[in-house]
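Report on one structure; see the data block that follows.
To keep things simple, chains are lettered A, B, C and D as they appear, and every chain counts its residues starting from 1.
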Amino acid sequence: MSNFAYISVAILLTLGIYGMVLKKNLVKKLIGMTILQVAVIMFFIASAVKGGATVPVLDERLGIPNPIHYISPLQHCLMLTAIVVGVATSGVAFALAILIYRRFKTLDEGILLQRMGEK
Amino acid sequence: MWPLSIKRPGGVPIKVIIAFFLLIFCGLLIYVSATLPLRGDSLAPMHRDQSAVGSPGASAYYIRNAFRDTATPNMVTAILADYRGYDTLGEETVILTAGLICYLLLRKKER
Amino acid sequence: MRRFRRNIIILMVSKMVAPYIMLFAFYVIFHGHLSPGGGFQGGTLLSAAILLMRLTAGIKLGERQFKRILGTPLGSLGVLIYFGVGFLALLWGGEFLNYAYLPFGLTPEKLRYLGILLVEIGVGIAVAAILVSIYDDLLEHNNE
Amino acid sequence: MISHNSPALIPLISLGSAIALPLIAFKKKALAHPFTLLVSFTMVILSFYNIARVWQGERITYHFGGWLPPVGIEYLLDPLSAFIACVINTVAFFVLIHAGGILEREVPHRTVPYCALILLFLCGANGIIITGDVFNLYVFLEIFSLAGYGLIAVGERAAVVASFRYLILGTLGASFYLLGVGFLYIVTGSLNMADLKRIIAVIPVNPALIAALALMVTGMALKMALFPLHGWLPDAYTYAPSTTSALIAPIGTKVAAYVLIRLLFFVFGIKITVDTIPLLDVIGYMAAAGVLYGSLLAIAQKEMKRMLAYSSVAQIGYIGIGLSLANPMGYIGAVLHILNHAFMKGALFLVAGNLRNGSGHSEIPRFDARLRKKYPGGMAAFSVAALSMIGIPPMAGFFSKWYLSLGAVEKSNWVMLAVILISSLLNAVYFIRIWERVYLIKGNEENDDTLLQEKEPLILLVPTLILSFSLILLGLGNSFLVTKIIARIIPPGM
């Protein structure tokens, strides 16, 4: 297997940052943020692969556990943690977006900046 | 960050400049990922039994010893809740924090 | 904002489906040792079952299943189970989260097995309760 | 048992009590703040105990779950982490005492989740400082940042927008950091800091390693608000409640600066950060630009909290300059400045909070001599802290600038020396503006009613005074601090 998977991760990552930095709608920014987080998760998961290996659940047919038979379990574990962190961050972000909409009646950052200036 | 995405009269739109930098960033990432050890190579540094200085490689250690240490066939669960259990406690705390923030910001005031 | 209207077909279908989602959630939590799964995955499924009832039956009926005010304390309780298991090991002379020191009189690997199970239950409770509570808080404004 | 577990106890106690707080204070809301204060006090005691344990420069490690480092998670207590933890917990304790007088007013009906979030914030900060594992650091960084977003967002009307912006940029920074961890893991196969340091010293330098370094440093620079990446900071500090700004200004950015020190000198080592790529020079010039930019914009601000926020951007620049010099003097200056700036900014933000509490605003054009008559204590605290910010000799702020300048001279880096000197003058300008209004201009006595008639309550005044007057003590005792603690933690090879 070659490193082409990482290229798609890089493109996904760039798309995410593009959405976060350049989109004007706050919800679109959040979509960009989620894409970014997913790209990082994909990166880790893609790196865990081993050629000809199976999932990291012990299989008795394979005998004494040997690292060449199982893909690396550490990245999966780390990414479970990262997924939960991502869920929590989006939850907080949506709470903030809802509050912003209630207070300023808009989610477009140009109008938002104007209304913040007006008070 | 925000002033960047506001239209400025005259000159090159700042959006184009940022997009240009992002393309460079993407190119650099692709270049770097091409120099990484090949995917699927079970002899890559992260899959080895020993690191470059002889300390045990974590991933191989888990695969070899998870069942012996914890009697749990699913290695991911064994790592998640035992070997790196403190990370998982942190993760639960993160989600509790998110719950508390939503409580703090959105719940109606109690009378 | 569109008003909530109860639809009998959706209500009946989700009423039939929700218990099985919940059952599957418990399966995922308790079977995490043997197959892919565990506390977080099971917890999200559990919260999905509760949220399905909230979405289809409305918050009034949904609250008879799971009280809104219980979300945060139950979430705290779940994390506290996790923390408590770790702290028990610390009190009994091991390091924090060193399940081999839990005072249940088994062999170390069985104790670790048990410790993982207890911890996963805590994670499941915490995740389910907090996801429901986040959902409730996000919708707070609409059901005045 | 306490001595065996002492490295882990500080984060664990704050974590456990934050989890238990919603249960304890479920019925009785008034318990929340005293409980938080008690926990914070315990943390201070424990952090002093930790400093006593590592006094001789030894390293104490703690292995979670009993698993040895590359397999399990390690906590590492060395003089640097013990020292920074001590600074942060002490400042937080005084800010929390101050919070007792202001909490009910700033976050009415919300004290329970607010106090729990403060505890989680402290837990995250202590966890980041003491951890020896790069992924565990990410998890605690997220606890820390999420609690920070929540604490900021309960402030004024515009605080949610500031918090949202902080969230977007903070998540970007955390994701960069995580991506860097991924590259690092793929190249080295380890997540433990001590292990990584040994491996990185052996393996040949390759692009992935440099990419990992660059990504992690960029992520931390975003969290630390190093100059071109500081966009979230001014609004976040301005609109947050007083307690939050007094907590986040001394703690938030310092923790990220500490992580930068760890990464640059204790994980990657001088070999890569100085010899292979000019990363430290880039950080140094960005920081120098930040010092000038922050100081200049601080002069232009009309609102005291916003002025202090821009001044924070400048002060973070000093820490960056100290790191970039990569010699012992600059390093001592940077670490000492973390301590001094935590106390100075804590005191100044508490003064700003007191003014807002007493007179309802903190806008500099509306300051006049009535403040001096009404709040003599608060203004004295302000003066001491401001003198220290400018760098007048007996105060602590002088000594960090002194070491930074020595480092710059040693390296013959005259640009940095000039930046340090010029910015001291600029600091003087923006504080003299306030002194002029408070001490020199006579107030008109007629519209006295704009001020509340009451004096500052003691609970607000005493912590402010303690924080600011301890700056004199820190200044007088600085040679002790430097020789006994900071000199022991100069990274190897510097």
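Keep in mind that, in the parts below, contacts are C-beta pairs under 8 Å (C-beta built on N, C-alpha and C of every residue); 3 or more make two chains touch, one makes a residue touch a chain.
In this text, all values refer to a predicted model and were calculated from it rather than measured experimentally.
Asker: Weigh B-D against A-C on C-beta contact pairs and write down the one with more.
Answerer: B-D
Asker: Using mean CA coordinates as chain centres, what's the gap between chain A and chain C in Å?
Answerer: Computed value for the inter-centroid distance: 23 Å.
Asker: Between chain A and chain D, tell me the centre distance in angstrom, where each centre is the average of that chain's C-alpha atoms.
Answerer: Chain centres of chain A and chain D, defined by C-alpha means, are spaced 28 Å apart.
Asker: From the C-alpha centre of chain A to that of chain B, how far is it in Å?
Answerer: The mean C-alpha positions of chain A and chain B differ by 8 Å.
Asker: Residues of chain B that touch two or more other chains: which are they?
Answerer: Each of 1-2, 29, 33, 36, 46-47, 58-59, 62, 73-74, 76, 80, 82, 84-103, 105-106 in chain B touches at least two other chains.
Asker: Tell me, which residues of chain D touch at least two other chains?
Answerer: In chain D, the residues touching two or more other chains are 15, 19, 22, 64-65, 113, 135, 139, 142, 146, 149-150, 153, 160, 168, 185-186.
Asker: What are the residues of chain C that contact at least two other chains?
Answerer: Answer for chain C, listing residues that touch two or more other chains: 34-36, 38, 40, 72, 76, 79, 83, 96-97, 99, 127, 131, 134, 137-138, 141.
Asker: Considering only which chains touch which, how would you classify the arrangement: line, ring, star, complete or other?
Answerer: Chain contacts: complete, every pair touches.
Asker: With touch defined as at the start, can you tell me which chain C residues reach chain A in the complex?
Answerer: Residues 34-36, 38, 40, 127, 131, 134, 137-138, 141.
Asker: So in the complex, the part of chain A that touches chain B is made up of which residues?
Answerer: 1-3, 5-7, 9-11, 13-14, 17-18, 21-24, 46-47, 49-51, 53, 56-58, 65-68, 70, 72-74, 76-78, 80-81, 84-85, 87-89, 91-92, 95-96, 98-99, 109-110, 113
Asker: Which residues of chain A touch chain D in the complex?
Answerer: Listed in rising order, the residues of chain A that touch chain D are 13, 17, 20, 26, 29, 33, 36-37, 40, 43-44, 47, 74-75, 78, 81-82, 85, 88-89, 92-93, 96-97, 99-100, 103-104, 112, 116, 119.
Asker: How about chain B: which of its residues touch chain C in the complex?
Answerer: Within the complex, chain B touches chain C at residues 68-74, 76-78, 80-82, 85-86, 88-89, 91-93, 95-96, 98-100, 102-103, 105-108.
Asker: Can you name the residues of chain B that touch chain A in the complex?
Answerer: Checking each residue of chain B against chain A gives 1-2, 4-6, 15, 18-19, 22-23, 25-26, 29-30, 33-34, 36, 38-42, 46-47, 49, 58-60, 62-64, 66-67, 73-76, 79-80, 84, 87-88, 90-92, 94-95, 97-99, 101-102, 105-106.
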